[in-house]
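Same chain, two partners: chain A is paired with chain B first, then with chain C.
Coming up: the complex of A and B.
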């Protein structure tokens, strides 16, 4: 019994000067039961069943094995949607990143001195940021009609919100010395920002832009699911028709493209920083 | 000689390294890309209903269907959908983390031989390249539509990022601490208990919580492919132009993501600075 008691209430340590110190309870003793409880509760809600997993899990590997070898003849059908996907991400990233610059200025605590104005811009961008890109694409598809334009707008808006957040945090931590020097010599805040803050941050700005571009290729690849253009359209169609060798080809092309672009982007980013 | 001479501002400006060739090259590159893009991305104007739809969506957020938003008893109303979405993300993160731990240890260069580590890392890279929705579309064919499929999807999709970040932490392990425990006569279990787990635990926890935050966002869109959560009702409501329901669902989604983000950021900054 004494042992169990000690588990929950560690023995006090007596210091050499006679002072008693009560060690803190190991947080694992209350974190673990909470985690187990939430896990069981979640399994209940999501109707998690090991029986289904054991009975049907094999099916996943059957699907994967049917994709190998991929149908290489299908490659010619993949090229066009792939380029469309790439173009959606390039243009979307470009527009989003450029628009994010003034928004980041307006959201920065050190640059924008109006609390009300800053609060409004921050609130708008953090609310927009919560909307997943697929939801945005769905909404824009209804507004602009199906096709790559809706996807591009969705990616641009998504990039804009994320880039704003990432970049205003950088502006907040930039060195204000040169900025104040320019202010005192008569420049206005925007001129001083452009001439004293941005030169410190251009490298990180380009690096973030490339990082967003990497993410956006993966995002653009799924937009076809809601009819917003790109490689997702044929992926969804081939999966629905269960033509798995074609699916394998699409996934292979997607994988190679993502890996090539990630590697180029990482090399450039290493040089930028 | 040059360094002794005092430079004027004019001279410094003239001596600045010339970057215009690079700038011209990058500009040309983007002009070419935009010209190609022009063939692929065409603006066909708004649809007939476009403006009305945009106005309705904006209006819907300020006039949501209150019954739908605050109905705590029905399994098809917003509160339960949010709970389900969170549960999917939570289970997906837990399972993904549990699977990632052995994979990460078996792919760390300081634990296993180099060739084995590179095999593990390649598998992780392959898992990471595919968007979560792609896994969702595949798992739908395995376990049928429903929240369970969402859990499986997120479990697999999480492995890529979690394992990658775990490997970085494991490869940063300080061997000095373990050597010190060794020298003071600890056995293997004690070395793991006092030398390895304390070094890894807070970083692992931080990674898992960060992934949970991402998974909540994914769980909201997985519903669109039929894998449970708030996504499916949202897509149906938008396609059926039931604007007040759309408003309720969007408000729920925005609040959920904001709350999870805030809590996650708070816990992670606590973990990083030490409790």
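Coming up: the complex of A and C.
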């Protein structure tokens, strides 16, 4: 590596009085070739080709055009799965963010003084965090059978792992002054956490919970694909039968719902912070 | 009554903060601890409520060996000792009353403190504490909207709501301007006289220390180099404590 670097080393700059300055090697000289190599290699493996993209790309617009106009009569069939999707997100998010609170406490370096205990909790949530929500849904479908319950549990567990990580990092950066004051007044660590740390963080906690809720609505929409209930089931079915006007209606309802909820959530979150 | 006998403290990184402290402090006394930064003032103060554990020696508070206290008994013991900090250590995003009520949390069952179910008695204690330091009208103001002096008064009220016998003050006026410093120190004097609470304060400004404390303890490199009434302090003793003469402007505090 050193020899390779030597090859690219820029020439020293000589000042008028003879002093020399050695400019640093721009790392792009070796990072760029590596990036190009990885990209080309990956395109070979995945058989990615711009030619196909251009040739078949028009199919996308053909499908989209068949969805327009959407079949508005199909709306009544969308309502119930949509409500199921929303409820999965609400319940899953709620359970996840509540359970994440004690777990975040246990994962925080400043709160949990036991290195062993903290190590274990962190290891558990790291492992769980590697599983995508779709994989979780597949597992819970096997355990609980197909339906919204499996989807809800998958969302709850997914939210729990994400929220734990996001929130324990906030706890670690909270002002410890009030915490010390509470400890010195005879409170135990959990009481001091609740009375001195959480009042600093409630706004951010609710904000993160809402952010997770936004994410989970999109997650819940695709969970139907693995049989875990919600709007994804009819989406999958209509797509398989190629009833594009119905698909258009489902997507339209989904988009409008997500947009409305995102905007409400964003407005509330702005107020909270 | 607080009794230190040959107390030492060596930190895990090898720093000797206290190197043999022997000291008696009577109930109701007003003691100022002075000395350079790093002399061991903060360590000395925090050993009294066991926020810092001592390495060797004995430390008795009201004839209880505090080094043997653990868990519940230690927390019960801390209930009787209030603490005030240089940076006030208030929860800035919440109201004054909630900050003061936080001092009652240690006495409550956990589910009650979790739901914020403070009793009527707790609320009365908190409000009376705010009245004692003269900021009752700020009860429902958010702590971060108060001036530094007002924040330190809230911190003092929080400590009073604990109904302590001893108040430990770690540089209570070091981040305040001179006028406010004198107001806050007067509050400490009032609390000391009216409620017979022992006040032990680390002081940065020598003349403020001399003005308000009855007794002054000078610390240098973990050892007591002076201990006596504040009226006995003179140039020579200050030179001994600080290692050099203090100039006029270093004696700030008087307007």
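Here is the rule we go by: the second predicted complex is superposed on the first by the 257 of 273 C-alpha atoms of A that agree within 3 Å, B and C clash if a C-alpha of one lies under 4 Å from a C-alpha of the other, contacts with A are read in each partner's own complex, and residues count from 1 in each chain.
Here is the rule we use: contacts are C-beta pairs under 8 Å (C-beta built on N, C-alpha and C of every residue); 3 or more make two chains touch, one makes a residue touch a chain.
Being a predicted model, the structure only gives us computed values, none of them experimental.
Asker: Putting chain B and chain C on the same copy of chain A, do they fit or clash?
Answerer: On the shared chain A, the partners clash.
Asker: Figure out whether A:144 sits in contact with chain B (first) or chain C (second), or with both, or with neither.
Answerer: Once the two structures are laid over each other on A, A:144 reaches chain B alone.
Asker: Touching A:180 in the superposition: chain B (first), chain C (second), both, neither?
Answerer: second
Asker: Does the superposition put A:69 against chain B (first), chain C (second), both, or neither?
Answerer: neither
Asker: Give one of first, second, both or neither to describe whether A:258 is in contact with chain B, with chain C, with both, or with none.
Answerer: first
Asker: Of the partners chain B and chain C, which touch A:119 in the superposed model: first, second, both, neither?
Answerer: neither
Asker: Please indicate which partner A:102 is in contact with in the superposed arrangement: first for chain B, second for chain C, both, or neither.
Answerer: Neither partner.
Asker: Now for A:194: first (chain B), second (chain C), both, or neither, which partner does it touch?
Answerer: Only chain C; A:194 stays clear of chain B.
Asker: Count the residues of chain A touched by chain B and by chain C, then name the partner with the higher count.
Answerer: B
Asker: Given 42-50, 60-68, 132-140 or 186-194, which one is the stretch of chain C whose C-alpha atoms run into chain B?
Answerer: 132-140
Asker: Can you give me the overlap between the chain B contact set and the chain C contact set on chain A?
Answerer: None.
Asker: Would you tell me which residues of chain A are touching chain B in their complex?
Answerer: Spelled out, the residues of chain A in touch with chain B are 27, 35, 38-39, 41-43, 45-49, 52-53, 56-57, 59-60, 63-64, 83-84, 87-88, 90-91, 94, 126-127, 130-135, 138-139, 142-145, 147-149, 152, 218-219, 221-222, 225-226, 229, 232, 235-236, 239, 242, 251, 254-255, 258-259.
Asker: Can you name the residues of chain A that touch chain C in the complex?
Answerer: The contact residues of chain A facing chain C are 175, 177-178, 180-188, 190-192, 194-196, 199-200, 203.
Asker: Touching residues of chain C toward chain A in the complex: what are they?
Answerer: 49, 51, 75-79, 81-83, 85, 87-94, 98-99, 102-103, 105-107, 110, 113-114, 155, 158-159, 162, 168
Asker: Could you please specify the touching residues of chain B with respect to chain A in the complex?
Answerer: 30, 33-34, 36-37, 40-47, 49-51, 53-54, 57, 83-84, 86-88, 90-91, 94, 125-126, 129-131, 133-134, 137-139, 141-143, 146-148, 150-152, 217-218, 220-221, 224-225, 228, 231, 234-235, 238-239, 250, 253-254, 257-258, 261, 275
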